[in-house]
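Following are the structures in question.
Paired with chain B in one complex and with chain C in the other, chain A is shared by the two complexes that follow.
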Partner chain A sequence: MVALLACTGAAGTAASPEDNPFLPVAGAELRSALPRDKHDTVPVRSFLLQSHPVTNQEFLAFVRTHPQWRRGAVPLALAGADYLGAWSGPLDPGPGATASQPVTRVSWFAADAYCEALHARLPDWYEWELAAAASAQRRDARADPVWRQQVLDWYSRPAGKMLPTVQQGSANFYGLYDLHGLVWEWVNDFNSLLPADADPEKFCGSGALTLQQKENYAVLMRIAMLGSLRATDTGHLVGFRCARDAGALP
Partner chain B sequence: MKIGLHCRLRGALALLAISSLCTAADLPTDSIYQLRAQLTTQSGSTAGLDLYRGHPTLISMFYTSCPAACPMLITAVQAYESHLDKKSRARLRVLLVSFDAARDTPEQLERLARLHRTDPARWTFASAAEPNARRIAAALGFSYRRLPDGDFEHSLLITLLDSRGRILTRTTKLVGDAQFQARLQNASSPGGYVPTSLGATPPP
Partner chain C sequence: MNRGVSTFLATLLCSFAAALAAAAGGGSRPPGAMPGDLGPPRGAPIHAKLTNPPDVPPPIHRNYPAKVIVELEIREVEKEISEGVTYTFWTFGGTTPGSFIRVRQGDTVEFHLKNHPDNKMPHNIDLHGVTGPGGGAASSFTAPGHESQFTFKALNQGIYVYHCATAPVGMHIANGMYGLMLVEPPEGMKPVDHEYYVMQGDFYTVGKYRERGHQEFDMQRAIDERPTYVLFNGSEGSLVGEHALKAKVGDRVRLFVGNGGPNLVSSFHVIGAIFDRVRYEGGLHEQENVQTTLIPAGGAAIVEFHVRVPGSYVLVDHSILRAFNKGALAILKADGPENKAIYSGKEVDAVYLGDKAANLAAVTAARAAEASGTLTKEQQIKAGESRFTGTCSVCHQANGEGLPNVFPPLARSDFLMTDKQRAIGIVLNGLAGKVTVNGNVFNSVMPPMSQLNDDELANILTYVRNSWGNSGEAVSADEVKQVRASTKRPEGAAH
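On to the complex of A and B.
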């Protein structure tokens, strides 16, 4: 009984790996929305992806053990001045960033370092796109107009309110939450999604003509948004989750 | 100074120091040398991204099996530095990092250096394995992507760093960027360049 109580107490302060498990996503030939000449599909190997975006509580556990990633300690070359800007203090998320909200205002470098500390990595875009193509029932729901509309609805929701907590919606086919409707998510190759040297600001012009699946606006907006970011950017709506190769030991 | 010593101590204790990002006492906060990324050079030794710390440096990324763009990149860098006066050129360093570490072995890089007759005292060809290559690219704003057939698609981007690793300017033009040339001359001139802006993208 005593031990049980102690365990419960600990769960309140530190994030345990079970809070955000790595779930398997089976590999597939992906019909990507990215502009690709010659190839209709790209092979994506089986991989593991975290169940939901990394939360403030999880990120707090990371900065506790990695002081170089605390707010105020990170050089500007690795995160903008607004890094973890919603937190009350370097070790205190405070009322502006509750335990189960997704952590945001984290740079790509910080997200990358967090995943490395879990012996994981950021997902590649194709992996993220494959996982995010699933509805609750189907691996690839992208042709379903009802599902597409649900995804799009997020973008028309008014911004500025407090971020919802993770896992409010339902899980998709793989048991993954919040791939749509909560935050944007860093991917490993975020700065290589658009054709090399494409000007992100021209994306909606000529560049967009080369994209496939033009009806899949939600994913196209995500590509455009990620392509416009710099690795040090710390957006209010940009979070992340981590991935692992299938079969990789944690 | 105290901080610097502290960091070195911590670095020595940590077995994997790649992600231990101590701020060296004399490194600006916006220096890309804050990134501790490991390179393998053409001589087969390991080095940090800051191997040319203390010198103005041109840095870019490439891969050797690239059919056209990469040889052009090397020629372009040579052209930009050929317009410098002798003393300025002697101060300048060039670091070209391959993101194709599997194929770009030190031997391969050394062959490339010989082929282009680059000055080994001032030029280094190196390679970075994942995840370091992706991190360096992120710091430079450089994009590269492996295509299904094993080839790469990537930026053509040359970045000028000051002696402490701050980005002074960059160009996507392989020839005739007069503004870039002028800043390169300024940064390489004896007496050195005094940056007026701390930002990553200083005014032209």
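On to the complex of A and C.
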């Protein structure tokens, strides 16, 4: 499929839809790390997810056509003070933010607006979790300790000064890149992952008892990370990609 | 009792109570307050001085509760865990263990936890000295690029572990997120010459012990409790060589020893020292005279000992393969004058033949006979032969022939047999320089054998003077004793 073979655009050219295509992910009954009600699994409908995190080049095209989302123009209520802080200027990523690096220091509001401009949306946590459970060979590799250790290894490496570019690793079963090992990613429901009356001590030892998939520590850490964020946060390592409902027009 | 006496007693009791209150330091507990609450903070807020291990902030000289501001920054750093081996440590204050915090019981601590924006992970902190949910963890969950603040009152004195408690907690602790907070009693601690901060931890890597390169955390090994490294202060060699702890002979040393785990309990021992006092588990009570103390994972203790002789004192986890095969080893180097009466160093290194030694029954029999006054020349000869073998025979050979041009013979030796007193003197004090034996010149060195007792020497000489063609009188223990008393031993020889 052409979509699977799509490569990122060359530096300097405008981003085009083929650069970061929306690839299909088949729906399933997901055995999630976050149980809902008392059921073992959560039904996830088929959806489309972008091949890799949104890059600086793609986000540049967005702020060119949406001046209200340029750095300096966005109110603090929608993006923190460090919004696009790695960029040299509001319309200039500069040497610190190369074209093919994932865009980071973008708030949830900015990510949400970007996806809306593409007639898309942020993925839900369960959609993200379903897509990220895959290895190159299998839809669900979460029972494979080797795969789990590979995912966990990212956490063992320091953040480092230069963020790698997208698509350095291999694609997973769905043709998706960098769901692990590159950046944290916003999801639509990041701040309601846990029930509203959840014990705020969730991540103090006892909290882990109620989570399923206890061996999948990488997932637990991702949930912890998302739980620590606020919508205006512009984390150095927080990026995003967009999703669409299956059957939605491109 | 009459009024005068009761008034006097009342006055006495009142002043006694007042004295007690004064002795408890300013801020004795307000009426109705809970134990440990010495009242509201007084004076200007104090910015706590935190220190990197193995240093400890200076003792607190304050007799009132204060507001203390603690600012602790979390950094994820890549550092050496062993020579040529790097690891990504998650740290409080840039070090493993994290910065040492020192406050006074009753202080109000305003705690600022900062998560540097370059970090990958969210973190929080659970201080075991905090009374409150999660030990502060519930109120300090902090994303990278954020700072959390919460305030607590240090109600309990003691030495307390703190650690990160973000899921998965075991991984955060295993990556080095632990440290110690000391809450001093209101009256302070007894002064000592040195205070040091040591904290044990177990580390789990994908690669083997000392396998070079960057090593990643291995969750399965952590679950299985199979550490690769067990270390004091986060790296092998952190406290050896030029980084060794220092003290002088005569110093009193206090160690604040923590155990961050995540899994292992420590059997903490200092080789060469006995702990005069151990506040075991960091609690109020002390044990005295302890060789090895248990420090639980997530616990700490305070040990004190006097340095009495110089040398290297080795701190270990006495589950000893952890010390020698996983790195749980640190040194305290003590300089100063020796004290041979307490510790002499090696005094004798003699040959010991074990079962190969000649039958020692003869020696025993001779001793018994001497004691009862019935010692015969034959018994002496037999006992002397036992002792000769392995001592004198090493040079003079079992057949008494010696080594040509090197060691003179004893067999039919004119030099030996001519002068009994001289022979005794030579065995006691050694001989260097030219001698002529049976017409041959020897110029060698015979070491003194004064470590042999009088009876042993007497028996050996009797044997030598009656073997291999020699024939002469026995030598008695008294004769040896007299020569010993009337001659001087060379430098370094025994008595």
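Here is the rule we use: the second predicted complex is superposed on the first by the 229 of 250 C-alpha atoms of A that agree within 3 Å, B and C clash if a C-alpha of one lies under 4 Å from a C-alpha of the other, contacts with A are read in each partner's own complex, and residues count from 1 in each chain.
In the analysis below, a contact is a pair of C-beta atoms (placed from the backbone, for glycine too) under 8 Å apart; a residue touches a chain by one contact, two chains touch by 3 or more.
Since the model is a prediction, treat every value here as computed from it, not as a measurement.
Undergrad: Should chain B and chain C be called a clash or a fit once both complexes are overlaid on chain A?
TA: They fit side by side.
Undergrad: Is A:178 contacted by the first partner chain B, the second partner chain C, both or neither?
TA: Neither chain B nor chain C is touched by A:178.
Undergrad: A:127 contacts which: chain B (first), chain C (second), both, neither?
TA: Neither partner.
Undergrad: With both complexes overlaid on chain A, does A:42 touch chain B (first), chain C (second), both or neither?
TA: first
Undergrad: Report, please, how wide the angle is at the C-alpha centre of chain A between chain B and chain C, in steps of 10 degrees.
TA: In the superposed arrangement it comes to 100 degrees.
Undergrad: In the overlaid three-chain picture, which partner chain does A:237 touch, first (chain B) or second (chain C), both, or neither?
TA: Only chain C is touched by A:237; chain B is not.
Undergrad: Just chain B (first), just chain C (second), both, or neither: which does A:108 touch?
TA: It touches chain B, and chain C stays clear.
Undergrad: Can you report the least C-alpha distance between chain B and chain C in the superposed arrangement, rounded to whole Å?
TA: 11
Undergrad: Between chain B and chain C, which residues of chain A are contacted by each of them?
TA: The answer is residues 230 of chain A.
Undergrad: What residues on chain B touch chain A, complex-wise?
TA: Per the stated touch rule, the residues are 19-23, 27, 29-35, 131, 134-135, 137-139, 141-145, 147-149, 153-157, 165, 172, 200.
Undergrad: Once bound in the complex, which stretches of chain A touch chain B?
TA: Residues 36, 38-39, 42-43, 66, 68-69, 73-78, 108-109, 112-113, 116-117, 121, 188-189, 191-197, 230-232 of chain A touch chain B in their complex.
Undergrad: Any idea which chain C residues touch chain A in the complex?
TA: Residues in contact with chain A: 76-78, 87-88, 117-122, 124, 126, 133-134, 137-138, 141-146, 165-169, 171, 175, 206, 214, 216-220.
Undergrad: Across the complex, what residues on chain A touch chain C?
TA: The contact residues of chain A facing chain C are 82, 145, 148-149, 152-153, 155-159, 200-205, 207-208, 211, 217, 220-221, 223-225, 227-230, 233-237.
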